[in-house]
Each structure stands twice: as structure tokens, then as C-alpha cells.
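The following pair of complexes shares a single chain, chain A, combined with chain B in the former and chain C in the latter.
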Partner chain A sequence: MFRNQYDTDVTTWSPQGRLFQVEYAMEAVKQGGCAVGLKSETHVVLATLKRSQSELSSFQRKVFKIDDHMGIAIAGLNGDGRSLCKYMRNECINHRYVYESAMPVGRLVRQIADKSQVCTQRSWKRPYGVGLLVAGVDRQGPHLFNTCPSGNYYEYKAMAIGARSQAAKTYLEKHFESFPAADMDELIRHGLKALQASLAEGELTAANCSVAIVGKGFAFTLLEDAAVQPYVDALKEDEPMQAEEAAAGEAPAAAEAPDEPAGGEAAAAAAEADGGPAPMEAD
Partner chain B sequence: MAALGPSYQLGNPITKVHTDAASGEKQHATWSPYDDNGGTVVAVAGEDYCIVAGSTRLSTGFSILTRDASMMLQLTDKVVVASAGMQADRKALHKLLQARNVMYQHNHGRPMSVSAAAQLLSNTLYYKRFFPFYTFNLVAGLDEQGRGAVYNYDAIGSYERSGYFSAGSGKGLVQPVLDNQLKAASPLLLPPRSTITALPLDQAIDLVKDVFVSAGERDIYTGDRVEILIITKEGIRRDELQLKLD
Partner chain C sequence: MLPRPTTHSKALGPGVAGPELAVATSAVLDRPPQPGAHLPLSGAAPCAVDPASLHDPRQHTKYPMVTGTSVMAIKYKDGVMLGCDMLAAYGSTKRYKTTQRMYRVNSKCVVAAGGEISDFQHICTLLDELTTDDFRTDDGIELTPQEVYAYLCRVLYNRRNKFDPLWNSLVVGGVAPDGSFLGMVGMIGTHYTDNHVTTGFANQLARPLFRERQKDDMSEEEALQLMYDALKVCYYRDKQSINKFQIAKVTHAAGVSISEPFALDVRWDYKKFAEPTKWAVGAW
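And then the complex of A and B:
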């Protein structure tokens, strides 16, 4: 990718005002398996694509329950993801112990972001190589947050991260206005459809995707394998009806997806010259 | 320094406290960190069920603090911890156990078994070996084979599995009745028999209720109401028994 003299240290600025190590860490997130999150007025749904190392191995876990009212989906370095998951679980347990109530989602996300920022400003540390989609419900209602290695975090109505997430985002952008009123099953269907858009080849099966839901009065529940099969099947039934819409809507999306790696290289060439647009601004 | 004590002096006496102690006159604290808030808990294990019950009266000295306090903590669908003794220590202990329970579920991906919970409680109690929790605990639930399990503890974590047990202010009145009704005819029989009762569930519930009524008659700290949790493979069901309010 980028190769220049300002990218050795996380504490070295480039003349264009960029921290390349942090941006490289965000690349790690983009290389991870796709994860999609979307919320309605009452529920938040996470849908993720699980990868497996080989035919012999199991699929990597991408969704973790943090507490009854909160869970995360990760994209990027799984080890870093697990480490943050452990931290979040601990914080929630301690919060319940001290305050006898559920940890507010935004507060925990902010703590993660602060933790991530520290790693961008110490020469003896490295940034976390994982992006989280945090789905949770608190007294303010359902929330979906995205954290990234830079220490930035945003709240979203719907978001996708990881490989070929642009295709999923395109689907979400097209349909997000119908999410607030959607019921749980519709929300899951949208999530899986968005996920499907990011598939390079093959199709969604109960083995390679997992879905999680959390809502007001609905504890965080992870659906995998047999539990997610009915939703995957329902998706297949929709397919013939939506074939025309797909042909129209997904053509530009499909055109965009293969462009991404090519676009990445073009940006790399540009970066050598003048640094190119910073990833945060490109989106 | 003061005269030598009746037996010997420990080292060099530094203050009056030490010399008094050496002569056998020890000063005692004017304040105790402990208080007994009363109440009785009972647990009975059957072939495929476990009943655990606790009175709901909270008292201090000769006064009633509330008629509506729970002594039990439901950890999972199959495990309940019941604690008699001091309310403050009970609450603190139950909070700790619940936090550890959540941690266990995160790390193991499944709920705690009754034997795991039993060991966890023992370790937690022994952790405070030199400033114990003033709680007299019972762990009740279904074991991995689906049979009833009751574990009884002392204040610092010594524990044993049994078929039934009681703890708290009414223990002295309750335990002999349970021994009479549930224990094998002769304790000299070998091999030692399991004391898990063969009684059907409804009869065991009646026995537990009778035992509380009797305890409520003579123990002033047991009364108001009894909260009964019935653990079966279907889950945990709740029952209540009204007791005299005197």
C-alpha cells in the first residue's frame, strides 16, 4: 500500500497532517469480514459474515455478547476484538455491581474510543486493529455505534464495516428510511440482504453468517447455525421476486465493489505523490 | 512495667493493653460489625426436583425491619443460593456471586452447574476467612444428572452435599423435624445412603410448609411469609406461604 518515510512510528505526523500508522490500522478493519448493523425504533440488529481459514477449520466468531442489553460485532484483528470484548464485559459487570443498573451504551463506547486514542499517541503502543459495531439499548432507546482504531466513534442508523462493506452500505442507504418502523424479522431480513450484497462469491448459508438482536425488553440474543437458518431460507424465497430490483440496484453496487481494491491501488499511487485524500474524508 | 502475668509475657509489653491481656484481662470492642437479621432457610432435594424456601421477615434485636425481604439469589435456571444471617453481608455476597456468575457465562458460554456454584461460594466465603461474611448459606439446584442437590455451608465456606438442610434462626427447630421425616431409618446402615428424598414433589412442598409453620410458632424471628422456589427441569416456579405476623 502506502510506502513513505512517515509511516514507521505511530507518533510521527506526515507533512499533510496524517498519522499513517493509524490509517494502516484502519486498513486492517477494511480487510476483515463484513459486519452490518441497523436499528429500528425498538431493536438493533447485527449481521456478520464469518470466514474460515480452510475447509477444515471452524468459522471465526464475529459477534460477542457484552451484557444483556449490549453486544458487538467486530471486523479486523480478531485478537484485538476479543481483548476489547473482555474489557467491555468487565466494565459492564462492574457498572452493574456498583450502580445496580445497565451501563449506558454511549458511555462505554466513549471509553473504548478513549482507550483507542491512547494507543495512537504513545510511541510504545500500537493502535487497535479492529473496528466495532456496538449494538445496545439503554434508557435513551436503541443505539448503534461504530468505533475505529483512530479513536473516532459515531452513532449510526445503519452501518457496515469490513471487506466490500460499500456494497452493503449502498443497500442500507437505499432502504434506511424504512428501518425505524420495521419489526424484528424485517430488520433481520434487511441486515442479511445488506450482508448478501457484500458477498464476493457463493451465498449466505447458516454456517457462514450470524445474526444478533437486542431490543427494549429483548435481551441480546445471538442466532447462529440452526437458529439463523429460517432467516437465510426466507432470504432465498425473496430472491426470485427481487431479481429485477437486484439487477437494477446491485449492478452499480457490484461495479463499485470490484472497483474498491483497484481504487485502493490508484489511491496508493496518488499517495506516493501527494498523499491522496485521507480515508476519513474519502467516505 | 507491670507485674508478670500468671503464665508468661509475650515479648516486651508495649502498652497497657498488652499487659492487661497478659494478665488475662482482655479489653473487648464496644462495637461489633455484625448483626443477625434473623430468618430461616430450608432446602430439600428430590429425585428430579429441588425445593428451597426462606422466610421473609427481617429483624434486628426485638424489632421487625420489614416483612418482605428475600433471602434468595437465583443464579441460573437450575441454581439458587439462599443465605440466612446478616442482611448487609447477604446482599454483598449475592452481588459478588452474581458478578462472578455473569463472568462464568461469558467465559464458558453456558450457565454454571450447581456443583460449580457450590465451589464458587465456598471459595468466596474462604476469601474472607479473617473477616467472614455473617451468612449461613444453602445452595440448591439440579445436578448434571437432573437430580436434586443441596449444599450446606458454615460461615467460612466448609461445605457438603446433602439431601436436605436448614439454616438460620429457626434451624434448631427445623433440622430435627427434617431428620425425622427424611433421613433413613438407621444412620448405622452401610453403605451410607443418599438422603435425597423419594417423596413426590407435592408432598415435599407440604413438608417444607409444615416445617416453617412450626418454626414460626416458636422462633420469633421467623414469620410473616415464606418464599418457596421449586426447581425442576422445566425451570423455577415460585410459591408462597403466609405465616403469622406476630
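And then the complex of A and C:
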């Protein structure tokens, strides 16, 4: 996005009908560390990549428990995330005090969305610079929601937000049909694999990722460090198998490459001399 | 709900006249409301009290004016059943003989009240606001009877703490996915749940019958017969009751139904009732 004359404050529309300040706030979400969420028929899993400022500092917290049946993962401005987390915890605990029951997830998410929308329509406020993945279970089943600084909210089967989340989304899109029937461990494994896809360099360790699960009859639990180690190790066990598959995929290609000169002459004779077709496709 | 004061301190009723109407409220409050007696932090409007009345003892609810008498309720096989008469008495006068003391909250829950009828009407308004909110949110979620019960406990206890109680004994009955529910909330916030609950005179009169005969798996005919017997004994022995009753049923299958008013066969010509001392030892 480039600077333009309609992006100074949130209450100015552009001629194309865009609110640039809101879109810039959504950019802030894309700068945050990747967070992945996915749900099955019984559980919802959040997996996040934690960043640290430097080698000396601890990793930034990205997952917050809101109530026994609900938790969030944030991407974007941590301060805004904490502020929304405090609001959500307050709402949940007030709901429990008055009604002695768990707050329905969709209603709380709608309240967050309404709160975010207010900030897009006041000249003395700025939009929240954080996107939330809200994982929760209520009477209607497990839910995964994504909230936006724009005040929009969506329910998802699986979603990733934050830096390089497109790679994680691609993984989720490929595998989401197997999620409803997956058990908890499989779901966590899928979540970590999706997270791995978004890694630019290095690999997932127990120190730089965290996993949270909530399910029917399973209170919101955050797994970090030692608790998440077994799942990270399980990922590594899968990797050699994946490397073998990749090698097996490349071997046929390498075997056919020497054929190319021969195939190429025949192809040239058949007037197919445009850059050369792929070895496998040479006929 | 917009914050507004609610008490019975003004002769015309709450919020009808007075300086509190001049308080400006904004649809979007930038500053969170500071808690106080007239604007508590949680459950604002129902638990709010006119600040002027806090220091004026004459303005608090001291005694009820128009009252309903007992309510009785039992669980049975299909759900729950509530019964009460239709009298609103003005002291000793049997003033209003067709008051429905039961209120259908939603398709799964009924609330019935004894005590001050105007306070009950106020409670119905509060519950109506909650139900309307659920309807407006339109996400398929309805208040369960347990939630209605917990909410009413909080409201009544809060008002009691401000020395301005809602003078009611409430029975909350309904069905939820995990079974039937019956609870009682008193005017000072005392509450309990059980398989049969009663308020007022029914505590003394109907309870023994329920203890003896109520079973969670009783059929509807048995439950109705038990309810009729309980209503009858309350009518015989409670001076502030009439022979005109309603029974509300809440079932898993069919939801809420409140019956038409009906009367029970009662006899006043029992010899021992007409002449109680005639056959007593030592009488002449």
C-alpha cells in the first residue's frame, strides 16, 4: 500500500470507498507472528509461533485463556491484544456471576467486533491493531472465530493469521476435510504442521511454539515448553518419512533427465522445439 | 439496557417523573460507568436504586400492598408442573381474581410468583428484556431455566442489599438438555433447587404431600392428581386464596403451556368443619 491523501485519519473515506487507516491496522495484524487455529467435531486447537526480541529476552505470549471454555491467540500489537483479553475475561466472569453458565462464544466475539467497529468510527480513536483467533466450546459445539480490526468477524473450520500465514492456510486448505473426525493428537499435529509451513527459517522447537486445546468436557489448556515437546518430537518423526517421499518423487525425474537429449532430437524432428517440454512429458 | 434508576419510591412509579430523567445517557459510553448504588457495575438497571431513596427510610419497600399467595411445583416424567391460584389480594380483601401469577419466559422456562404483584410485573419486564435480547441476537441460543434462576437470584439479592427488596417468592421451572429444573428464589436472595418447590403456605401444607407422593418418573395423570390435591389443601387452609387455579406445564416435547383457569371440587359441609367442637371430648 502506498501513502495517499485519504489515509490521515480513520474517519476519512477514499473515493473508492475504502478506509485506509482500518486497512493499515489490518496490516499490523499481518506483521504479527503466525497463529493457526483448527477445529474438529469435539475440540479446537490453537498453535502459535512465539517471537523473542533478542536472545536475552523471553518469548512473547500469544495465547491467553479467557475462561475454562474459551481462549484466544493474538497476532499484531501485543498491547491491544492484552487489552481485549482483559475485556473478554471480564465479560466471561460477569456472565458466570449473573447466569452461572459459560458465555456463548459467538456472542462474546460479536461484542469484540462491535467494540472494534466503534474504533473505526470515532475521530478520537484508532482501530485495534490486533487480530484474534477465538477458540471456544459452548452449548452449540466447538467454535473457531477470527476477529479483525475492521470490526468484522468470521467463523472458520480452520484459519491462520499473522506473518507468512498464507503458507499455513495452504496446508489447512489441503487437509481441512480430515479435521472433523480427527482426534486431539491428530488435530495438534495438523496445527503444528501448518505452523511449520509458515516458518521462514529454523524449525519448530518447544521454545518457540505453543499449543492450546479446548474441547467438550476438556477445559482450555495451554501447552508450552516441556508440555509441547512431545508433539514437536512427533513432528520430527514424521519428517524423515516426508523427506523419503520427496526423494522418491525426485528420483523418477532424475532418471528421465538423461532421456531428454534423445527425446529432444525426436521432438525437434516432430517440430516441438520450443524450449523443450518437461522430461516426464516428453513423449 | 440503558442505565436508569428503578425503585418504588415515587408515587407514580419508577422513572415516570423526577430529576433522574434529566440524566443524559449516550448510546456509546466512552468512560465505563462508575459503580454506585444507583448504577451498579453489573446488572445495572435491575439492581439500580433511586439515590434519593437510600437515605429516606419512608421510600423503601416496607410492606407489600397487592399480594399473591403460595406457588407449588413438582417434577414429573415429562418435565415440570407449576400450580397456583389466581388471586391478588389487597390486604384481607380479595381484590383481583384473575391475575395470572405465572410468566412464560421462553419456550423452555416459566416463572411463577407469590408476594407483591407489582414487583412481579417488574421482574417480568426484566425477563422480557433478556428474552428480547436473545431474539434480537438471533443465534439460536435461549436462556436456560438455570440461567434465569441464577439471574433472578442475583437481582433479588442485590435489591435486598440496598434495603429495597422486590417482595416476591419466585419459582423458576423449566426443561434443559440435561434434565428438568425447579428452583425457588426468596425476596432476600435465598435460593435452592429441588424436585419439588413451594412458596408461602404451600411450604407447610403442600410440601408433606409432595414428599410422600412426588417421584421424578411419575406420569402426567399422577402429577396432575398430586397437584390438584396440593392446590385443594392450600385453598382450604389459606384464607387469602380462591378456588380458581392455573397449572403450567413445561415439557421436553411440547414446551410451555399455561392452562385455562379452572376450579376444583371443594366441600364446606364436613360435619367436623361445620361444628368442630360437637364431637370433641368434654364438649356439650
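Basically, the second predicted complex is superposed on the first by the 242 of 283 C-alpha atoms of A that agree within 3 Å, B and C clash if a C-alpha of one lies under 4 Å from a C-alpha of the other, contacts with A are read in each partner's own complex, and residues count from 1 in each chain.
Note that a contact is a pair of C-beta atoms (placed from the backbone, for glycine too) under 8 Å apart; a residue touches a chain by one contact, two chains touch by 3 or more.
Source: prediction; values computed, not measured.
When both complexes are overlaid on chain A, the residue A:Thr8 reaches neither chain B nor chain C. Of the two partner chains, both chain B and chain C are touched by A:Tyr97. Of the two partner chains, chain B is the only one touched by A:Lys65; chain C is not.
In the superposed pair of complexes, A:Ser178 makes contact with neither chain B nor chain C.
When chain B and chain C are set side by side, the one touching more residues of chain A is C. With both structures placed on the common chain, the touch criterion links A:Arg89 to chain B but leaves chain C unconnected. When the two complexes are overlaid on their common chain A, residue A:Thr205 makes contact with neither chain B nor chain C. Residue contacts after overlaying the shared chain place A:Val118 against chain C, while chain B stays out of touching range. Residues 94, 97 of chain A contact both chain B in one complex and chain C in the other.
Chain B meets chain A in the complex at residues 95-96, 98-99, 102-103, 106. Interface residues of chain A, counted against chain B in their complex, comprise 65, 67, 89, 93-94, 96-97.
Residues 94, 97-101, 104, 106-107, 110, 118, 139-140 of chain A are the ones touching chain C in the complex. Those residues of chain C whose C-beta lies close enough to touch chain A in the complex are 28, 42-43, 137, 139-141, 143-144, 146-147, 150-151, 154, 177.
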